[in-house]
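The structures come next, written out as structure tokens.
Each of the two complexes below includes subunit A, the first together with subunit B, the second together with subunit C.
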Partner chain A sequence: MKPAWFGGLFRGSRPFWLGLFAITWALSTWSFQLYKALDARWIIRFPASLTVPVDQWISAFMAWLVEDATFGLFTFRDLTRFVSAVIEAPYDLVRALLIDGFALGQGQQAVEVAPSLSWIAVIAIIAALAWYAKNRALAMLAAVCFAYLAVFGQWASAMVTLASVLIAVPIGVAGGLALGIVSYRHPWFERMLRPLLDLMQTVPVFAYLVPILFLFGFGPVSALVATVIYAMPPMVRVSTVALHSVPEDVIEAGRMMGCKRRQLLWKVLVPTAMPSLMVGVNQVIMLSLNMVIIASMIGAGGLGYDVLTALRRLDIGGGIEAGLAIVVMAIALDRVSQAFAVRKVRARPDPALPFHQRHPLFASVAALTAATTALGVFIPGFRLYPEQLTITTGPFWTETMEWINVNFFDTLEAIKTALLTWLLLPVKRFFTGIPWAWGIIAIALAAGRTGGWKLALMAALMTLFIAANGLWAKAMITVYLITVSVLIASAIGIPLGIWAGQNARANTVIGAMIDTLQTLPSFVYLIPVVMLFRVGDFSAMIAVVLYALAPAVRYAAHGIRSIEPEVIEAGRVSGCTERQLLMRIKLPLAAPSLLLGLNQTIMLAISMLVITALVGTRDLGQEVYIALTKANTGQGIVAGLSVAFIAIISDRILTALARASQQRLGVGQ
Partner chain B sequence: MKTKFLISTAVLSAFAAGAAWAEVESLDPIKLTTHDWTGQIVTTKIMGEVLKQAGYNVDYVQADYIAQFAGLKTGDLHVAMEIWETTGREAMDEATGTGNVVNLGPTGMQAIEEWWYPAYMEEVCPGLPDWQALNDCAQEFSTPETAPLGRYLGGPVTWGGFDEERVESLGLDFEVVHAGTDAALFAELESAYQRKAPIVLWIYSPHWSTSKYEGSFVEFPPYTAECYDDPSWGINPDMAYDCGKPTGPIWKVAWAGVADKWPGAAEAIKAFTISNAEMGAMVGKVDLDGQSIDDVVAEWMDANKDTWSAWIK
Partner chain C sequence: MQRPVKLDCRGVWKIYGPDPRRFLDRHGGAPSESDFEGSGMIGAVRDADVRIHEGEIFVIMGLSGSGKSTLVRCLSRLIEPTAGAINFEGRDLLGISPRELIDLRRKKMGMVFQHFALLPHLTVLENAAFPLEVQGVARRTREDRAREMIDLVGLSGREDYYPRQLSGGQQQRVGIARSLVAEPDLWFLDEPFSALDPLIRREMQDEFMRLQSMLRKTIVFITHDFDEAIRLADRIAVMKDGAIVQTATPEQLVLNPATDYVQEFTRHIPRAKVTRLSTIMSPGVPEGDYAGEVAGTLIVADAVRTLDADPRPFRVLDDSGAPVGTVDVAAAIDVMLGREAR
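And then the complex of A and B:
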């Protein structure tokens, strides 16, 4: 099954891997007979008497934390509620500014004292920011993106979403930077923090929504807290790396100028690392937008809520329009923040000039904002985009969907049945048949072979945790769904990536497609997929493949592009055909990059799997989702940790493999 | 939702017209929870608008159907307008058991949940709606994944409903497949309906689907409490659940403190009633005709002034 070039990764250890697979396969196939023959039910089921009630401990701990925990003067809950209030104040302010307007008094007695910003002003501000960061073209792009929000009637919801992004991002960035600085100064802190960051990135958000709701109360603040937890880890990692990579002579120069520790940090280290830090900021923005749908499930409102409600009444067009609104907002914020990351320092204007001449952009935008917002008080069309002028493509999407459904359902059904029979079901039988005890041993062997005994021990303990919590069967269904999805995503994504890596025009088209797929909330395509493929594993698999395609494509393209031209030239000179060039030179050299892509594909597939619980899988994702709807903290966290452990084990093993193959090939990352 | 521009101007003009506010016990906002289905939001907004008319301040807070009980117990949230006997009983009993949450009586709406099929299936399977016909046509309802068994699309696992047990005890040749969310449930129905393809699935009412699609509920032996508790009851002497699903009221519940802090509001909430038909019509206007929930609620308020003014006397 594996192509020849891939075999190179396992050179010298092929008997080991073949043997491991053969034993696993045999045990999986005959585990049931083995249990009957030996009358040992523990072979296929973890003994119920040995399961550890970790979920109950966590639930009990949570109940204690919420109800009884106290610091003497105030309770733990008072503390979290105080944090809520601290976050809520700026959030309300930004919301009032963007959409609600400022009011005095409460409820019906409230009297509006100042209006919210005009939609024209908001568009002008984002365009001006883009212009300031880069050039007029970017300003146009940002303006068009935000104009879409107005013209398609998404403005009010989009501003609610923007308000939560504007609060979540600074908190995530400041928190991430602070943790990054401490990690930079104290290596022990970084070692302690790293596993925590891994968990923050791999435990599905659904798993910790319930405790967050209990602690921070119902409403937008809980959604903001969940968003920050999800979006902050990359900022921590990026800032640690960025600070470490500030050249030693720059720091030395700072010291020679007589900088104190604090001055050295804020005047030398942080400014020098700024371009890299902006990459982290960009990540935080994008991840915050990824959270929009999930946040709306616990009260964030905004565009995510619109997507959910539209799809609940099967208004596919409405769902797509609201989903695309998230995409265009992501594009605008992404491009502008990236432009800030590479912005060149420009000459300061002559201080002798009057203010509006020194800062023409700022002055004109401020004037426009004041004028349009003031006009909005008298003419509603200035405040909110007039509803009569909005357009919708809803009916088009609904009709297209019906046409596909009526005309192509049978064809799609045939393809689906073939894939189910030949791929999904065999893989499912293989994984679900593996006896838990052998599963632990096999994982430990694989981990030990690639990463040494420490990794083996960690992998074995993590797998044991899953089994001991009675989640083995569900975990294996998870592994099966991920395996199948990753296989298909790689089969589609790697060739696309290779093509994009060799052809600039293909790269543009594929790049745009991939960006859209990653920022479009998956719920938007989940419902049409269900209409065509019915509820079940197959629909879940398609949704996972669509989402997890991106890294397979990106890393393959990157791997191909970063091969040195001399090597390819050498191949040409020795008379290689294009095909030989690809198979013998490019692919082997791109192998480490492909492996990293595979790793990322698996990570995304795992993060997506939880969402697919919404279309009815029976895996760990479903377990997490059930815990959420039943507000069962312990069950959710245990299942969430199990998902995270699967992700961590696969990440460590693949990273070790990639490192080994890099060393063998003598290429950098 | 926060104060909107239009609402506050309305308030200003109300002041200008010299309309006197009824004396209310507290101006703190009463927090009503909204969930993710239209009918519940309509119910809640009607209640909210009525309370506003009585002079109370109202906040709508989006919260999960089951998770909200944690908030109702502590007084973070105040009123939940739709707890269905069929899906919420367990959580409601647990919460009222603590004494921090009280049941404010039925909403007047009856929840119906049952197996349902589109009208065109009667041609394929003439014995319907009688449940015994299901076995004669199990083949018609089968798909490649479930063949030779028929495929029954159940609700999300969390809805419960004992469908696996029902299939077992009534000897139905069907496999239960669970949809993950109700959006997925109705997506399948829409798809099958467009193609006139066979389907039998879990439908609940009041909901827009029963007005959009023609079809009927399967008639199982009627539900009784003994049927669920006592295996010897019913057709299958050895197993329980050999009957249909229970129907039951939709309840209103509130934080126990509501009656102390806003006694008048508590009375108004107790007095609230609405019928399945009225609600079905309103949900249809929103989900099928695309009207906004606020417009539909305002329309109802205009047309039923006598009804709701009796609640806030």
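And then the complex of A and C:
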């Protein structure tokens, strides 16, 4: 039953939506009987003779690209080799600095000429950065996080991961800023780039791992390329928006002072937009960290590789240990980079003082780094944290999980069965029963009703693409899993958000909780879920719900909080009870925000769902994952595009709904 | 007191919409109100004529949406006008190359903005020195120069503050210092005091008059506040719907409003605050017993105490100091009470 405030979104068109649902339900329930009665197999299955072999075309094109394509002076393969070299050199350098040490010669003959940085120095550097960005408390947090990596024996893997992040982030930031600047200057470029960015952010990461693997081979370079591609789009968007939001009069002031184009950009626009740009940098860091783990499937070593192998071996302890290390590192990097975004500019030190007095932090860290690294050459304990002092928590986690599984098996199993029987299976039956032809029509009708005929046409073509590639059944499993996950995430998240929006103390607690959840790389969610519920749709759903919870809470809280206080006071003086205040005033006014939150929840759910292919779903994500393991470019891209199309259709419809409700309320963007 | 023309703008149009040039040509270069209706075009500035003389304070006054900000941006070429001619010191401002324009702005123009437009990542000193930095002036020289400017606007001691640590009035002082650091001849002020509290606004107006009495710049001052306009202006151009309705001295505006619209603005202005003694004097200086001499440019409200000190009439002097008429306190009181002169 829809609450009254939600019905307001569909005012005047309720018969349309009810009718659409009723027809869909009827066709879904009786599609099999229909096929038998009419002896028309095409009703439930897209005719094989009509399927379009897009995947084979793509595969053939990729093969041509790698083997035959040439630009006259050099071949395509030369180009990819050149890119590899350009990325690999700095990566090797950073790795040598952080963990491997500098060596001359190859393999057995290698002679170390310079040591890697001492673990103490690395901790000191991150702490100093935190101090510089904010204060002593953040420095303590960063130091504790990195010390954790050393003490719990994750140092070597963590440094490999950190090296990938340190290479991927500057490339992602610089590339994103460059594209953002071009977009800012040339609106036509932005118009061209926008659909591409939409696609890049919605195509599941696994899908472009395949072609990258094809072009760059298995190894850290492929991983870095994939990471940059994954992490850059938000930076492009953030830079464009940040530059556009520089106040017009600041730009005019720059022009009136006689700034040239380049001066205006680097001396006025970029510095003024810097706080917003730093938000983008933070996003690039977090996405890189997220991706570095996924990219361990195509050759990035480090913590991600440890988690992946542990998951494959069902090594509970090892998985949790490495997973926690990623979380700890993510928290440290996230908080420090966020602090840079809001860092307050401080007074310039007196230039008369000597260098080490003007920059005491830098000087002391440099001295410490030099001293500990030099000592590391003679005393191994300075170079790497002494192994005999490490604490391993692996067995502890294994035992805990076993204990939970032994003592709560029945409870967990009962919850799982109940949800499967009463929620997951009925929804699954509904979606998988829909005949493909009606599916296309229904999507087009829904899209047309909310966003006009252009959207209807686009949605119909995209759905047709999915069906014509023979992916209808798998796509419907994807849709079903997303629907269930989003329903549960909203059922938990929206009330939490409403509560946080009305109560300052709840907001602190829930906000901290959500922040932490969002810091976790998506991969990490899989570990405890698999441990508790084993593989299957249910585990996938739990992981997706956890991952997609944050935007539901955030947007609900934001929606409630951004209501004009006067409107609420008006309700109060009219004699509303708290409950009436919520149902009649706050929720209707927060509706646009709730819709946008729903949209974000769906987007996150889709991106997480693909990753849950690792725990054995039977949906499009699995299709992409299989393509990855078989290195089948065409199959991967087609399935990936199908996922992206589902995401884009849902995004456009919900955005149109949100816009309509904003206009009706006369609020918002 | 005719001084040379510094900035001469004739027939300037700024029209927004698709292909404004063609729209203008189609209507013979002067589309009327009815031409705009339903055409989807907006005439932000319509056939504006402005002649600004060296050393004068020229105020462009209008309500929001009247086109005053667009006009001043056309005058500084921040916006390209659709049509018209603008001459700056005898040069065709619209014809010069981007390079020359940059050079002109660096050396000859300064501008103050309504919302200060300070760079948030620079200190007060660096903000004030910024125009010189852009020109490539050495750090020492430009910071010395900026310090002088900061001193001039009364912000000494706050050189190392960041803009967000300052109040609105102080931020605008930085904006003024910045706009003056390159010693411009032509000074644009776009509603410089509108974002400030009334008391601070008054203080800043006084400060502005003090600066101008020292610097003698040619000033284009934008405001929506008629009181501010008559307080500061040598001449005022009143704008409505993109067109200039009347250009005149404050006194002429109040005494002879050209349209009902101008009269709406001037109705509440006490005439004594704009009327000069030269306007109310009896021309001719017969022999007789006089209390003293007063300048004809004095405003009645300011002069009435002097006049009241003596029952005898005063001789009124023109700009060159020659007596041209006589005035007594009764005439001043007539103006103040709004009575027709007897």
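Here is the rule we go by: the second predicted complex is superposed on the first by the 646 of 669 C-alpha atoms of A that agree within 3 Å, B and C clash if a C-alpha of one lies under 4 Å from a C-alpha of the other, contacts with A are read in each partner's own complex, and residues count from 1 in each chain.
Note that in this section contacts are C-beta pairs under 8 Å (C-beta built on N, C-alpha and C of every residue); 3 or more make two chains touch, one makes a residue touch a chain.
This structure is a prediction, so every number in the text was calculated from the model and none was measured.
A.B. asks: Regarding the shared-chain residue A:G101, is it in contact with subunit B (first), subunit C (second), both, or neither?
C.D. replies: first
A.B. asks: Examine A:R505 and indicate which partner it touches, taking first as subunit B and second as subunit C; both and neither are also allowed.
C.D. replies: In the superposition, A:R505 contacts neither subunit B nor subunit C.
A.B. asks: For A:R579, using the defined touch cut-off, is the partner it touches subunit B, subunit C, both, or neither? Pick first, second, both or neither.
C.D. replies: Neither partner.
A.B. asks: Given the touch rule stated above, what does A:C259 touch, subunit B (first), subunit C (second), both, or neither?
C.D. replies: After superposition on chain A, A:C259 lies in contact with subunit C alone.
A.B. asks: Based on the superposed arrangement, let me know which partner A:V250 touches: subunit B (first), subunit C (second), both, or neither?
C.D. replies: It touches subunit C, and subunit B stays clear.
A.B. asks: Between subunit B (first) and subunit C (second), which, if any, makes contact with A:G536: first, second, both or neither?
C.D. replies: In the superposed model, A:G536 contacts subunit B only, not subunit C.
A.B. asks: Tell me the contact category for A:K267 with respect to subunit B and subunit C: first, second, both or neither.
C.D. replies: second
A.B. asks: Of the two partners subunit B and subunit C, indicate the one touching more residues belonging to subunit A.
C.D. replies: B
A.B. asks: Based on the superposed arrangement, let me know which partner A:E402 touches: subunit B (first), subunit C (second), both, or neither?
C.D. replies: first
A.B. asks: Based on the A-chain superposition described above, do subunit B and subunit C contact any of the same residues on subunit A, and if so which?
C.D. replies: The overlap between the subunit B and subunit C interfaces on subunit A is empty, containing no residue.
A.B. asks: Using the touch definition up top, name the residues of subunit A that touch subunit C in the complex.
C.D. replies: 247, 249-250, 252-253, 255-260, 263, 267-268, 271-272, 274, 345, 347-348
A.B. asks: Which of the residues in subunit C end up touching subunit A in this complex?
C.D. replies: Going by the criterion above, the answer is residues 73, 76, 78, 102-107, 109-111, 113-123, 130-131, 133-135, 160, 162, 178-179, 182, 188, 190.
A.B. asks: In their shared complex, at which residues does subunit B touch subunit A?
C.D. replies: 1-5, 7-9, 11-12, 27-29, 33, 36-38, 52, 55-59, 61-71, 76-77, 143-145, 153, 156-158, 177-188, 190-191, 194-195, 197, 208, 286-288, 290
A.B. asks: List the residues on subunit A that touch subunit B in their complex, please.
C.D. replies: Touch list, subunit A to subunit B: 92, 95-96, 100-101, 103, 106-112, 115, 210, 213-214, 217-219, 297-299, 301, 305, 308-309, 311-315, 383, 402, 405-406, 409, 413, 416-417, 420, 526-528, 530-532, 534-536, 612-618, 622, 625-626, 628-631.
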